[in-house]
Amino acid sequence: MPTPVYRVLISCPDACGLVAIVSNFIAENGGNIVEAHHFLDKTNSHFFMRNEIEANSLNITYEDFVKKFAVLAKKYQMQFSITSSEKLKRTLILGSNTSHCLNELLHKKAEGDLNADILGVLSNHNTIKDLSNFYKTNFEYFDLSKNADAINNKIIDYNPDLIILARYMQIIPANICKLFANKIINIHHSFLPSFKGGNPYKQAEQRGVKIIGATCHFVNEDLDDGAIIQQNIHRVSHNDNAESMKKIGQDIEKITLSQGVKLFLEDRIIVFNNKTIIFN
Amino acid sequence: MPTPVYRVLISCPDACGLVAIVSNFIAENGGNIVEAHHFLDKTNSHFFMRNEIEANSLNITYEDFVKKFAVLAKKYQMQFSITSSEKLKRTLILGSNTSHCLNELLHKKAEGDLNADILGVLSNHNTIKDLSNFYKTNFEYFDLSKNADAINNKIIDYNPDLIILARYMQIIPANICKLFANKIINIHHSFLPSFKGGNPYKQAEQRGVKIIGATCHFVNEDLDDGAIIQQNIHRVSHNDNAESMKKIGQDIEKITLSQGVKLFLEDRIIVFNNKTIIFN
Amino acid sequence: MPTPVYRVLISCPDACGLVAIVSNFIAENGGNIVEAHHFLDKTNSHFFMRNEIEANSLNITYEDFVKKFAVLAKKYQMQFSITSSEKLKRTLILGSNTSHCLNELLHKKAEGDLNADILGVLSNHNTIKDLSNFYKTNFEYFDLSKNADAINNKIIDYNPDLIILARYMQIIPANICKLFANKIINIHHSFLPSFKGGNPYKQAEQRGVKIIGATCHFVNEDLDDGAIIQQNIHRVSHNDNAESMKKIGQDIEKITLSQGVKLFLEDRIIVFNNKTIIFN
Amino acid sequence: MPTPVYRVLISCPDACGLVAIVSNFIAENGGNIVEAHHFLDKTNSHFFMRNEIEANSLNITYEDFVKKFAVLAKKYQMQFSITSSEKLKRTLILGSNTSHCLNELLHKKAEGDLNADILGVLSNHNTIKDLSNFYKTNFEYFDLSKNADAINNKIIDYNPDLIILARYMQIIPANICKLFANKIINIHHSFLPSFKGGNPYKQAEQRGVKIIGATCHFVNEDLDDGAIIQQNIHRVSHNDNAESMKKIGQDIEKITLSQGVKLFLEDRIIVFNNKTIIFN
């Protein structure tokens, strides 16, 4: 069992002594820092910080720590979040009729490598029902031809901390994007910004690229245009066509998605100006 | 000294027995095949072949071999080329004010790793003059502000087998593109088709990609849209901006360009439908 | 449904006209070659060839084709095999108490991406029983503490075309290695020849390497010393220890193993001098 | 011109509040931190830190800052170094008869991408003399057959901050290794710990690996066994032999060496237990 930790994420305008101020605050409350990362965006004079603190080292409660930190944060115009590794993120998976990404996520969850509280799998196809059941994961089928908004309404009902689009292939409406800004993670089967939209492997075949890729990104209202979390690639050749790229791509997609989800679950991502800062 | 070889490149509509027909022809003339590659484009029913034959094994002259092959080629609607490794390709390098790509090419040439006959370096800046001189390479400066077409006219005068744009950064006019179709190799400092045109590293910074790349491609009349020969990539992070990406990118650019040029010099590339078949 | 093909693999001492001889033979019997690869090992003057022929294009039966080819093969001292894509290889998987590799193989099989006839999973742990059952795969548990040879005897009984060690972690006795030479595929969790033997991630941590890898290889009597089929890598840093490398490594292991198995199932591998020629 | 910075590197036994203590100290002296990295080695309870401080932001002199920091350091058993980006490291390059690594270093230096004070090139061959001269770099030839210790004595005379072995290929004697511990950077043409010692590409060919690599590492008294700084790789196939791997490898070697050297010149490396912590 890993030691419980609190993760303090901070984003604020740069100012002299910020590291000292925050680390003093942590030290004063007995906090033992086990991991720390800073980043200064010089172009925008904006400062970012992530501290991982041994939960049991604090001499005050989590609630008091958060309350006291809020006072500090206000003074320095900090946006911040303090999360506990013990409180798993309530996570919804949206799937469709391909199983490779879902299989990766559920297998990793079963192996203890994905510390999420999986609320369930929502899908517009029943193809992935048995797989969900095998992993004792709640599965809900929606006939989108009958009610196009059924899944979207369900998402709002669940109000999850994280929504994973495991090759869901449906457009997420703008209101859901706004409501869950930087909480919806998608895997796009191309090396973005190349080949946005439909059938990226066909586009890749036609352009004759020598490397294909997959992109894990947050979803916003513009298709395939949200902040990029992770990308991976695989070499291809003239021997490959859209069909073979699709098969090669599935291995990259599932790995890239699970890497991105892991970063989110460990609170290692800050989004700023539609880009991610990854503290890893 | 490597053994001299002839390289037979063939592109034709698919037909039964093509491999047998060509290899029979080679065998009948005493040819010893040291390397052979075939590729069948099933979508277009088009067949491609590259044979490398020991020059001294043939029992007829090069000229007769070519003449006899032409008869065969006509019968099967083959487009073909037969080149000798002993006849170096007459190569022109176009440069500008950055030296990393030129330095790579000239150093490799000096080391015996780039078997080209370098006719010279044409440039709109004198920055790379000393480097050219050090490698005993003819250097010609052109003041494009006085005569915008001076370099282009010079290219036509030279009538080279290959033109390498070593970060030349000028648009090649359409008539030159046509005249030297699939003979002009450019290095673009992005992972095409992402970030075409100017300042791709700035574009990469703004989009927040996690991997950058370089693309070696043939030049046609559409900017950054010719057939792709080779691509390579390098991982970046939020720590990187356009400036640091530029420096990281230079290492990828020079390697990618020299790999692409090497493939061309060894007659390993066939272009079909604006895509490359690479026999390697 | 892909068109059924025959795969002709040839390995023989080099001689002039071999490509012509073989392709003539194929053409004479009506065979339509859809994929062809040659390789000449100049150091050893040894020739290797792989032809993929449309099964239905032959004007004789498979049996006659093999019989006639054997005559040709004898003349040129060819070792050869002619297999049909329709006859799936009888494959045995040996597993233990980790499931990531088995899960990858069975999921790919279910998706139609691993064209094998899976005879069953033999294991010295019951951990992977449910997973095997979910994929309707025969599972057999063996208590090796009671009978160390039980699994080995079972292998001989099955007499499979392929044995996959999906992180089996037990030594395969020499007699099995000999009996199934170049038919046992293992995944070793290091970049061989670095870190042979036990606990390679601990070794990697101690040496402080910046890249880890996985190696898919044939098993021979020398531990981790058989012919290498495929290798893949992942970057690590001082942040990583044996534990985190193990988790990173699992993703590389499963992909690398499934790539190697796919090459075997498609008869793309020839072993010569304890090295693999991969026609891909 | 980049803003001058001081780089504070710290290595000490872990203790609560270390980040606060150091960042307070910096803040109290007016220091503006532009980059900060920490690392806690949990296995050894050892703490590492790198701070980059705007030089002009300090309200005391460099000398006073160092003096005051030494008091703090003593209290917490810190090993530390405080360097100025303005004081270039006095660097000696040792070369032999291949030029690809030297060419890379000198070209990058000329481009402003390698902020070192290059004292000169010492070599046991004259092959690289002209290249050194072109880059206006002092070149000294040593006939090691006449005096085996001539270069080693010269090294001691120079007493450099950094010694780069640019494919020097001679054994560095133990006394030099000790005298310049963690100051001698070598490039080994294999993916260490695979293929130590001589002719690694031949070893790679014989083992039939599918990926080759290069390793930039510190030199200690055990051959190819010092702390690894950087590694890179390139895919190879059965088509490659030692000769072609050597050519492929040269591109990896020069890039890997220059990356390692850059990390050293920017004081981004701490060595602990024969491993490197890289703050990048």
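So that you can tell them apart, the chains are marked A, B, C and D in the order they are listed, and the count of residues begins at 1 in each.
Everything that follows uses one rule, which is that a residue touches a chain if its C-beta (ideal position, glycine included) is under 8 Å from a C-beta of that chain, and two chains touch if they have at least 3 such contacts.
What you see is a predicted model, and the numbers here were worked out from it, not measured in a lab.
Q: Find out how few touching-chain steps suffice to connect chain A with chain D.
A: Each step joins two touching chains, and the minimum needed here is 1.
Q: Count the touching C-beta pairs: is A-C or C-D ahead?
A: Between C-D and A-C, contacts are more numerous in C-D.
Q: I'd like to verify one number: the distance from the centre of chain C to the centre of chain D, where each centre is the average of its C-alpha atoms, in whole angstrom.
A: Taking the mean C-alpha position of each chain, the two centres sit 41 Å apart.
Q: As a quick test, compute the distance in whole Å between the mean CA positions of chain A and chain C.
A: 36
Q: Where in chain B do residues touch two or more other chains at once?
A: Chain B, residues with two or more chain partners: 239.
Q: Specify the contact topology among the chains shown, as one of line, ring, star, complete or other.
A: Per interface graph, the chains form a complete graph.
Q: Please give the residue numbers of chain B that touch chain D in the complex, ascending.
A: Against chain D, the touching part of chain B is residues 99-100, 103, 107, 111, 113, 130, 134, 239, 247, 251, 255, 258, 280.
Q: Quick one: in the complex, what on chain D touches chain C?
A: 39, 41, 43, 191-195, 207-211, 213, 227-233, 237-239, 241, 274-278
Q: Give every residue of chain C touching chain B within the complex, in rising order.
A: 16-17, 19-20, 23-24, 26-27, 30, 32-38, 40, 42, 57, 235
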